[in-house]
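What follows are several structures.
What follows is a pair of complexes built around chain A, which joins chain B in one and chain C in the other.
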Partner chain A sequence: MANHKPFFALKPDRGMLIALLVFILLPFVIGLFDGASPAQVWMNGSGQSKFIQGLAIEIFILALYALSYDLIFGFTGLLSFGHSMFFAVGAYLTGILLKNFGFSLAATFGMIFVASILQALLFGMVLPRVKGITFALVTLGMASVFHVLVLSTELGKFTGSDVGLQGVVVPDFISPATERLRLYFITLTILVVVFMLYKRFVNSTTGRVCTAIRENEGRALMLGYNTFYFKLAALMLSSLTAALAGMMHSIYQPIVSPNVAGLGFTVTALLIILIGGVGTLNGAIIGAVAYRLLDYGLRRYIGESASFINGAVYVLIVLFLPFGIVGTWRMKSLQINQGWKRLLGMFTNSQDKSDGA
Partner chain B sequence: MDYILDVQDIHTFIGQYHILQGVSVRVPRGSITALLGRNGAGKTTTLKSILGLTPPRQGKIMFEGNEIQGMLSFNIASLGIGFVPENRSIFRDLSVEENLKIAERKKGDYAGKKGFIFTLFPDLKRLINLSGINLSGGQQQMLAIARALVADNCLLLIDEPSEGLAPVLIEQLMKAIQQLSAYSTVVLVEQNFLVASQLAEYYVIIEEGRSVKEGKMKDLTNDKATIQHYLGAA
Partner chain C sequence: MKLSAYFRKNLTLIIVLAVLSGLFIAAANGMESKDFVITLLRGLSVGSLTFLVASGFSLIFGLLDVLNLAHGTLFMIGAYIGWTVYVRPDTLVDLLTPLALLLSGFMLGDVWIALSNRILFGKRLKRILPWVGIFISALILFSVLKQYPIAIWKVANYAQSPVSISYLASQGQNILMPPVDMAGFSPLLGFAGLIAGSLLLAFCLAVMKAGKQAATICITWRNFSGFVVLLLAGILFFVFNNALTDFLANLNSNWLFLVAVLVAVASGIGLGALMETTLIRPLYIRPIYQLMLTLGLSAIGIEVVRAIWGRPEFTMPRPELFAGTGEGCPATSLADWWQYHCSTMLVMDGRIRVFNEILIPVIGIIVLVAVWMLLQRSRLGMVIRAGVQDREMVEALGINVRRVFTLVFALGVGLAALGGVLAAPSIGLSNLMGESFLLNALIALAIGGLTSYPGAALGSLLVGLLQQFIIKYGQIGIPIPFMDVIFKPSPPIVPASTILLMVIILLILPNGLLGKKE
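The block that comes next holds the complex of A and B.
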């Protein structure tokens, strides 16, 4: 009998299902603590819940962005220093098309889709010629050109130059001011769908070839794979995801700072997956939660000097959790499981012995 | 004689170094041919030149009657040439089964061949879900050879299969290579002359980047002077 496997046939991930449930209930639970009924939260009443929804939307967007970086760096082994460009193109294009050209959201998404494919092709052009750190530097060069362009006064009419793109006109039905809960659930849905798609991708033959390329590209070539197409496929999916994250960023903020096009924002993605665990996917989401909450918490209670402590915390995480939170957890849980088995084995054996006696 | 592979006077450079300075190798179909020579003679570079990893600047490489020099590595591999490299190079983060499945050239290759593979290497069946990183050296070597068997490769290039393995594992590998030669022509690079002489029917000796002698292995085993001169073994 033919084995028909549904597209989203995934092993149930208990941890992620619990996380999803928590995120679904979060606005209402926070509302209850704040004295607001679920109905009031549903009607987008102001209060603590609305604030937390905003913080969570930022986390979802960061998680999307980090997932896209994990795909090319964590799974395919392409170290890119120009990843922020993927995000910034989505953010700026959304802002400009909505504000200056009055595009609909669907048309804007269509344009972002095209732009993300084009920018992946741009990065892909150099793939056959450069590898490793050289690829990282070439992509940094491309992203730097884009950064200079958005900062230029000639394009200031559209990009807002060094002040950033301000006053993006967001459709009412997803306005972060009046329809934040809806925006919250839309962003959460996008994250869940992208996460499932990525899981499917990395477990597919294409995904395994990407892993093989990361480990030993020469071997993948010798198995008859034209590795260029696989790297390009990963770049395209990553570019589309990062641009989508940029689009949601533009809608939520709704301003676009030129910082999102700089090297610092690529480092943010790298930092998030280092915290969460490189090449784990779950780690990108957990890393985004840890990164944003740490940043928010420290800034709130310490102020601007929080950056110093932030940096120290990241160094400690990298030192003591070298495989990130998820990577280290996976290793330790294996040891814990083996320990439990040994312990249970000891009891079972002693039980057997006493039964025998 | 029907030659599946005919390497004609190839010259290969790595950077500025002229590594192969005229290597010719003819491989009869269905045979095991050993490339012999001292360390650094150019045996592995010959395999890499055939595969397009270090493309030759001069000379001709004919596979199944067609010229393949100048083609890209993945295209050469797709013609039906499997490679088992010296350092095994299995994918450490993939399980044994994933390592085998990734070598499929068309859907169903793995399903069709796994019976044969597990007969050759019964250990791999037991380790099917284990990650490559958790395998021992011998198991990695078996997996590397098994991976080259998944697709329909009519020529297998095996580089130093016995390197770093315990004698008992070498024996197991030798049996496997002998069995698989019934389905595929094998070119074997082997430092261990005892292993090479027991497996191969033909040999080519490479010395300082040149092929200097070729013939039948049974003639070489009786020629102690040649063995002593080129291989330093008696």
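The block that comes next holds the complex of A and C.
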């Protein structure tokens, strides 16, 4: 294919490489600020670095989750209000299998793989019948039924009903308490791998058809693509990623709150990709960073009314930054570059003043 | 011939309706007639409240294509405003003056636009000036409003919190807060500050818009009338503050409740119009963003309610007509109730609450008929129906669709606010009431058909009945055939049951029961 991008290219992926480097060095640099040498950080000594690592792990998990939502909403154009179910199934299944059934981590992962394919098929089952906003409502219904199941007292023995799932014993080598740095790097690796996989998927022929479905499904059908299979493929990949994010969530957090199965958590994903830019992969990651830091900062310094500011940020972004950070950056990058040039031209007094106008 | 064609065309719908009525009859057979009547009326009550939310929602979605997810929050705000008017009329009266003065500047919008078109600002100045003006006016308004005397409850102080005020009011002791005086400066200065801030704000917004509206506006005395009226109203409210407070406080609670309903509906209409013109209108070209905007607004609304009225739940006392408990109660007939003003009534040996189970369904039916008449028999209704069918065509015929959009949005929010103020005495006020009713309304609309008005009514009825019957069966248990176990559904099954019904119906009929086929 002519428009295949190479799997990896130095120049266009410069920003992402720098970000990766920053994330690799982050725990050690924070450690240095705190007066802990890299060796101490390496040995998982407690301190500021450990806390920052925890925050970063949450960000990575959120980024994974937002990426998966971006794939079906931003690229394929399926508005689903039941996405939190994908995440929650991963989280709850991990916890229950590890705690009540004594599965090993690998076996758990296998079960999650199967479960995520199954739930993608469940969502896919309704795809041919309902479209647009009705699809959103049906998926919301399915996720709400799952939420009710999680909350019900009959299953309380497994799910912990409204208290949340707790007391999951995580294998020692990735325990968030003692081996946090290792968990940090494992989560980061998963994020990088998933990101590259998504990049490959989006730029592949299948991904192109998905984008075509978002733009005009009728035309894609007319061109001879059976759009159902493409949507199902996107759903499966998305479900798998979200379940993986849920699994990491269950491993990292001491309590899996039933809120992760509710509508609010789907809205969180929507908010993240809205901040970052709908339909951009780096947007999901940047959005996750911005969202988590904003949320953390507001809760710390303002306290209870943080969700007011969250809502206000939401409204302001919709009104003034409709394409998100990455989208706006892409649109304005030419102007920004020109502005930089003009600014530099002022200082160096060069001759090319004319290109600014 | 025609009938058989109709049957063939709507076979699925008829089968679904037959199955539903079969289920209903089975449910009715399983319980005593006393329980059945009570459950039926409760279902009607919940269905009516749901319908008040769902009908506005479906009108807005049908005409404007806006999925207003803040509708539940507006329902809740209506309830809280109604409570304020009913329990604390003094706060309402104190709020009238600043509100009138704040709005007065915006009544001159046309004048400002004309003026800013006349004045030629430099390009840079035109960009900076409005923001500077907005900042200054915000500063003025903030400093005045911070000092402005409003007798209000205190969320942090339990003795003066809405919870205890509500409790006292339900005991019949409605203690008004002592009137507060302007702290620090004279009322004249306060008024001047409010008016100046409002004028400056309106002018700056006009300058911002100036280049975009090319039409020349003819200035006559009419453009000033709204300003003068609001100004006078603000000053009159201030002068007669105490008299008005006394009048409202000594009013019979039935009339006060009516005032509360009217104020809540009016403020719902105002909020809706404000929301549509300022926030939703710029986003008609980007439909998906409206959805996110309304989500954000609903989060903001909930937080505002939490900040003003606090987190704990409380109930609004019922008006006197529905609160009697003494001699002659429970009433045995409607005439009996009218004589003794009983809160409860005996129907087929079952005790029902008059307000919840009689008044709310009656109002629901009245609204159903009234809006139906508006839609079918008036010119506005014709435009709305035509707009739901094909918006571009209506625009092309030269009808000002923008104005109709604002009207319909305001009407929808007004209906939600009416639902809220009716829900306040019956199910109580809480921060989460909006979300649960929004979910109910969404389910009802999905069942009935998203843009269909009769569908909204049918869906709400089904949701209300199903919920109440499941709750009742949770108490008495369902005998499962061929088994000795009695199945008792646990409380979480209630939301799940309606959602399951929605999913099943949407899978059989993707457009809902009465939705139009695409």
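To be clear about the criterion, the second predicted complex is superposed on the first by the 322 of 357 C-alpha atoms of A that agree within 3 Å, B and C clash if a C-alpha of one lies under 4 Å from a C-alpha of the other, contacts with A are read in each partner's own complex, and residues count from 1 in each chain.
Criterion: a contact is a pair of C-beta atoms (placed from the backbone, for glycine too) under 8 Å apart; a residue touches a chain by one contact, two chains touch by 3 or more.
Computed from a prediction, not measured in an experiment: that's the story for all the values here.
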| item | value |
| --- | --- |
| Fit or clash between chain C and chain B when superposed on chain A | fit |
| Touching partner for A:T211 - first (chain B), second (chain C), both, neither | first |
| Contacts of A:E154 with chain B and chain C, given as first, second, both or neither | second |
| Per-residue contact with chain A, leading partner among chain C and chain B | C |
| Chain B versus chain C as contact partner of A:A312, first or second or both or neither | second |
| Angle, in degrees and to the nearest 10, that opens at chain A between the C-alpha centres of chain B and chain C | 80 |
| Which superposed partner A:N259 touches (first chain B, second chain C, both, neither) | neither |
| Nearest-approach distance, in Å, of chain C Cα atoms to those of chain B in the combined model | 6 |
| Partner chain A, residues of chain B touching it in the complex | 51, 53, 72-74, 77-78, 83, 85, 89, 91-94, 98, 101-105, 147, 151 |
| Residues of chain C defined as touching chain A within the complex | 67, 279, 282-283, 286, 288-289, 292-293, 295-300, 302-304, 306-307, 439, 442-443, 446, 450, 490, 492-493, 495-496, 499-500, 502-503, 506-507, 510-511 |
| Complex contact set, residues of chain A against chain C | 79, 126, 129-131, 133-134, 137-138, 140-142, 144-145, 148-149, 151-154, 267, 270-271, 274, 304-305, 307-308, 310-315, 318-319, 322 |
| Residue ranges of chain A in contact with chain B within the complex | 205, 208-209, 211-212, 215-216, 218-219, 221-227, 279 |
